[in-house]
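I have a structure here, written as structure tokens, and I will follow up with some questions on it.
A, B, C and D label the chains in the order they appear, each numbered from 1.
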Amino acid sequence: MSDLLGTQPKASSLSDRWGPVALYLLKRLLSGGLVLLAGTAAVFFTIQAAPGDPALAALGEQATPEAIAAFRAEYGLDAPLMAQYLRWLLGFFQGDLGQSLAVARGMPVGELVLQKLPATVFVGLFALFLAVVLSLVLGTLAALNRGKATDTIATSIAVFGISMPDFWMSYVLIFGLSLGLGLFPAFGYVAPGDSLLGALHAAFLPALAIAAPMAAVFARTLRAVLIETLSKPYVTAARSFGLPRPFVILHFALRNAMVPYLTIVGLQIRYILGGVVVVERIFGIPGIGSLMVDGAFARDYTVLQACTVVFLVIVLVVNIAVDMICALLDPKQTVR
Amino acid sequence: MTSFRRFMQNRTGMVGLLIVLIVALAVLIGPALIPYGPEDMDFMAILAPPSLAHPFGTDSFGRDVLSRVLLGGRVSLTISFAAILVAAVLGSWIGILSGYHLGWTDGVLMRIMDLLFAFPSFILAMLLMVLFGFSSVNIIAAIALVYLPIFARIARNTTLLIREEPFIQASRLMGRRPSAIMLTEILPNISAPILVQASVGLAFAIILEAGLSFIGLGVQPPTPSLGGIMSDGREYFSRAPWVLTMSGMAISVALLGINLLGDGLRDLTDPKLRERA
Amino acid sequence: MSVPLLDIKGLRVGFGRGAYRKEVLHGVDLHLQRGETLGIIGESGSGKTMTGMALLRLLPDTAQVAQEAMLFDGTPLHDLDETAFGALRGVRMAMIFQDPVGSFNPAKRIGWHFRQVMKRAETAAGGVQPTGDYRARAVALMQEVGIRRAEDSVDLYPHQLSGGMLQRALIALVLALEPDLIVADEPTTNLDKVVEHQILTLFKQIQRRLNAGMIFVTHDMAVAASLCDRIAVMREGEVLEVAEAQRLFDDPQHDYTKLLIATARKLASPAAPRGEPGRDKPPLMQIRNLSLVFPPSGPRPAFRALDDITLDIRQGEVIGLVGESGSGKTTLGRALLRLYRPSGGTLLFRGEDITRASDRALRPVRRELQMVFQDPGGSFNPRKLMKDSLAEALRAAGVTSSREIAARTAALLERVQLAPEHGERYPHELSGGQLQRVAIARAVALDPALIVADEAVSKLDVSVRAGVLDLFRDIQREKQLSMVFITHDLEVARYMCDRIAVLYHGRLLELGPTERVFDSPSSDYTRTLLETLDYSLGGRNFGQAGYGGTGTERAHAD
Amino acid sequence: QSTTLTAAITGYNVINSLDPAKASLIPEFYVIWGVFNGLMTFDDEMNIVPDLAETVTPLEGGGYEFTLKPGVKFHDGSELTAEDVKFTFDRVMAAETASPNAGKLAKVKSVEVVDPLTLRILTDGPYAPLLTFLTNARTGTQIISKAAFESMGEEAYSRMPVGTGAYKVTDWRSGEGLTLTAHSEYFEGAPTFETIEVPLIAEEASGVTALQGGQIDMTSTAPAADVSVLMKDDAIKVLRQPGLNTRFISVNLRKAPFDDIHVRRAFSMAFQREAMVQAVIFGEGVTAQGLLPPQLAAYYSEEPRPYMSYDPEAAKAEMAKAKYKPEEIEIGVITWSGGWWKRFAEIFVAQVNQTLGTKLTVEVTDANTAYARQKSGDFEAGVWGWLGMVDADEYVGDILTTTGWRNFQGYSNPEVDALAAQGLAETDPAKRPDFYKKAEAIAMEEMAVIPCFCSNIHNLLRADLEGFVQRPYSNFADQFRSMKLG
């Protein structure tokens, strides 16, 4: 009975695993592109269906009818809708996002977006970082001490976090840590390029306000997943080999909990971005979330379109990145 | 019966249920017990601090904040509940359809869900509100649209998991119609994760509704909603901190209850946790 | 005798607290000498695993363990604190788990596991300077347990190895620890017979080399018989009896032991020859050059699961479909029922071509083609009462009057030897054997012409297996059904089937009357498969031939 | 002493254009006032005095001759001449510019340059508000540099304008803020602060926390609710005074039920304006009984007007005279979701409903929709109010005359039109107010709009910041030059 033990696969080298990755990436990007197109079209036509007028936002309540007419002519708003959208699309494919109508009248939207993006990305990443660190600590502590006081405390903190909507959290933080104790600025944004420490200091409260509910969600996920991996036979097996406990926790339990954990992190990105919008306004962070809110209120469809593109791209990129990391972490799947 | 007993054992779940019941009772019959209506203005008592007469103080129109918080809670909960209900029903249906038929149906439906899902939740809701105007129905629709893809995905994934289960196959082998199989075989068996997601979603829907109202895209006044009261309270926080604080704490308590209840439900329905409990 | 290596008295294990406490071990006594193999047999859930886990303190936190005494090499284990115990576990005692695939960290390569375990062994031995060349040692160990191309294998991830290889790797890992006591928890249950055979051989060699005491947990009588010196029989958390292997089979004391042995013997004895039923009748189903290709999905390329299969199923005959795991048995079964759409060839049912018939067109034919599944629990909607599931089937068969449905449901239950009250239960409230009976009843309710039974008894306990098989056979004869009986268990196939079809990598390797296939197999593969019967069919001589518990080592030509 | 001042514009975060001819949003003017000068300006007592002009001489038949101060330098170092002034005015008036501020110069016939420092503005007959409209207020007639404008082009100029003001724009981050740098050759002497950072803070409340947290030194506005609390705060100086504004309920006279005068009068008497001031703006304002606010002192009528105070009985009686039944009036009052504007509508609706038994509802939209619907006449009633208008004609002429461009309510009365026209032509400051007072009285009698209140304007400063003189039209950057830390 010679070769019945199954065929011997080759040790998989990285290049083997990256082979299908390229194809997968291509597919994801293609479908992402379609989503992008559909998204911008949806935004464009709904904003046009909505009442309101960018001219009014640009010119204010004092605008005279003549000024409004001139404005509409200047930005081609008197053309048929389809023509307007196609013109935008054409520009988009040439890398031209058009001019802002009302939020920053006449300014190239691409430039505008590039100006706002760093703040959002910085605060968002900072929030993500805080959420991940907090949740790793809380989730691991809770899972390892399941049913004990530590678990109860950590889980309570997590539940408390979820029960604090970000805007409410912002105020609690402002009045507690900022105006109360004077530990952090209540307002404003420092570009990390100017001073990294200053930027972290200034962005701490907004990032924490966004991160708190997320950290809670992540922590609870991690706790559940970790409890599950801790009960996996390979953990018991590792213990039966007499491997030290911290080692088992780190390399067996946590390591294998990472894929489901990261998947949840990826899914929550849309909440982080959503939270950024509200918190940006409260803390006066000049980010893309505020820009999009302004764009929506001002019916500035070019800005709105560009923000849509940016948000869709961020979500797409994050999801692909998470999938990639998961694929890297999980030798079983090249890509899902 | 057994699952109910098991739930009774679940301390978190029970505490959550208790809070939810208290909150539900408070918002349902509370307003009737308070001598002031939520819309009764008293210009003699504008921004009165908490007192025996007004345990939560009054707002800028001299309205009793407690009764407004209770009614606002009712409104917020109703809206969130309705939104989640719509999202869950519609989403499950889409998900089952997608997961059962696969192929073309699946492709189209899921791409639409992907599109909805790609938008940051708050921004999607906000855009919808700006575009279609402010009203309770529109908020419900906006929140429902935000959650639709989540339910659709869960329903689809669980459907995919069980569509190859022997009992579904057995049903197919009996020659039953797909719609009957989806309704009587699949739906009852994917209801658990949907239910758990609904409880989690409810908490987020409340947050979303409050967030919308908070930036001024909420229900029409004078109807109060928790977010609306907070938004008002924020404006005169330094004068009358109780309005924001009390409504903020109210929302936290409601969320706490729902979250704990959701945890309990999850423990209950997750067979893995169940085994080990 | 000297101090026993292990002496357990009054071991109790319970879960939960207060009113919810459930005791799963009610005072287990066991002892073991160096170099001795103690078998533990018993049905599923009897507490075999718990005994081993309690011994190594691997039970979850929710478990409470109590014992009168637990001595390891004279040392009272229960007096040791975590640290002191930790120094023993993995050094002097080790466990091999039931599920080799699950025992490896899926995120790490095989070699990594060896390195960690070896480091651990060195630290325990007080070795100051690490030897470093873990890889070479790992390769050597892997070679020792018979893993081909061990050099490559250490660089693979667990999922890239077959179950058999992983089981060997796990054994090699435990070897690296060189323990005095090995607890092996059903290490071969998940493997097919061919591999099981190899591994058991290996086991015995290793134990001998280390002169270790071994507790070998299994629910397979035959395996226990051929491997162990003494055997303990467990049921519901209690040790019913312990005896020398030979004596246990010759002179079982306990009724339960007697039942176990009788069942095993019954399955092992070939059924009375039945000729070839239906030879003269027109074939019910004609399968011509059937092939099935699973389309590529994700990174996985297209896969040809069935290749050029030609086979007739005659009226009233039972065809056994055997073959190693992954050979396409299930796929063929499902293709026959048109749950899959074949990629090539034709499928004639009563002469009618159903190869490409649409779902709608199939609906009337469906009722004639039924399936009984491997997992009795999974084949019922967990939210429906059993009688409702049966009623569903009856309705699908065209019965409309609710009175008739009730009557027929009762009759069906009776036919499969269940009481009416079983109809009032939910699936999880029935045992596996009972569920499978209802599954048979449901299939029969539709009055089918063909039933495909896919591993329909492999999830059942040995003690109930024979009963269900008999039920199958009775009903099949009574209704003159045709049946495709999928199994990887040759005993079962021989017991049940008129003809045997052997699948290998999606191809039909051999087809013939049962007797002929068993007596003079025409392919090498079938022959290899049959070799495994030599020990598992020990029914002819339980406890005598084997892997040399006390007997002589069995010659094995590789 | 720090040479940077951080002066935040709060409550707004959009600045589109710093080109005076194109500017129309309040925050745009906040900045323009510091970057440019007009020919005229307001002094601390709100008198109109020359700024870039040295002398102003009225001309026979309408118009003025101006001589300019010599040696006034633009930011680019070039000198101001009459050509720049003519260029500025011609551009505002030109149809192709489509300036939202063109109306200010509507009666100007031509602008003539006499010599480099002298010019004449000729009008079609006497045009009383002309000098007001040439001040450095929300007018759009601030003087730009012809040479710089022509070399830069409109687009670039509107972002980095070249004016004569004490500060020049050196950095502009859209939606975020601007940086102003001192104009060292400013004709009245170099300012104290070298740099002024002007962040744009969308939320007024955030402005307050930023000020309290020390991230900014002053704000352009303050949330009314916080004022009384902030006044007790020693670290913060609160500047407040009644503002040049009137908040009213704009009613559509072309549609039911407001085509009925009795309904309008009944509504006006059905709510307490004092309570409104308390509840909506926390007492930071005064009740109004007309459109002309008390700060336009000469034009303000103190004597009580009929129908302008709360009188439930009279309101019901008035309602009974109407052709509509109160319980059948089910209209929405449009407002938008910004702070107190929502409460404004809410309290109006609640009180009127309570007094009259009507079924009004509050219809909250966003500001853009609210503007659009009022402008297009697609409304029954809505809250409204103009801010920073400095001439009586902007109230009576624009809002109450048949052709007035701010007349959204569709009010038309020939008598009012005639009086407004007379007021426009009356250059004698002593006689002029009479026309407007009369016109307003008539319109208020007919309840062309339902006036509610005038709100205070505020600036918040850190306690040691000095030299900011607040003007009732809510000024801002024009004061930067004189400010210093005490």
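General remarks:
As a working rule, contacts are C-beta pairs under 8 Å (C-beta built on N, C-alpha and C of every residue); 3 or more make two chains touch, one makes a residue touch a chain.
Labels paired with UniProt names: A, B = Peptide/nickel transport system permease protein; C = Peptide/nickel transport system ATP-binding protein.
Computed from a prediction, not measured in an experiment: that's the story for all the values here.
More C-beta pairs in contact connect the chains of B-D than those of the other pair, out of B-C and B-D. Centres computed as Cα averages put chain B at a distance of 46 Å from chain C.
The centroid of the Cα atoms in chain B and the matching centroid in chain D are 44 Å apart. Chain centres here are Cα means. That of chain C falls 87 Å from that of chain D. Between chain A and chain B, the centres computed from C-alpha atoms are 22 Å apart.
The set of chain B residues touching two or more other chains comprises 130, 133, 215, 234, 237, 276. The multi-chain contact residues of chain A, meaning those touching 2 or more other chains, are 50-51, 231, 281, 297. Residue positions 365-366, 369 of chain D are each in touch with at least two other chains.
A list of each chain pair in contact follows: A-B, A-C, A-D, B-C, B-D. Chain D meets chain B in the complex at residues 205, 208, 223, 225-226, 228-230, 272, 275, 278-280, 282, 336-340, 342-343, 345-347, 349-351, 361-366, 369.
Residues of chain C touching chain A in their complex: 53, 56, 58, 60-61, 86-87, 89-91, 94-95, 97-99, 102-109, 116-117, 120, 124, 147-149, 152-153, 155-157, 159-162, 164-165, 170, 173, 177, 194-195, 197-198, 298-299, 324, 528, 531, 558. Those residues of chain A lying in contact with chain B across their complex are 31, 34-35, 38-39, 42-43, 46-47, 49-51, 155, 159-160, 162-168, 171-172, 175, 213, 220, 224, 227-228, 231, 269-278, 281, 289, 292-293, 296-297, 304, 308, 311-312, 315-316. Within the complex formed with chain C, the residues of chain A that make contact are 1-6, 8-12, 20, 24, 146-147, 231-234, 236-244, 247, 251-252, 255-256, 329-336.
Residue ranges on chain D touching chain A, taken from their complex, read 13-14, 16-17, 24-26, 95, 98-100, 102-103, 138, 155, 158, 173-177, 199, 201-203, 206-207, 209-210, 212-213, 215-216, 365-369, 371-373, 375, 386, 405.
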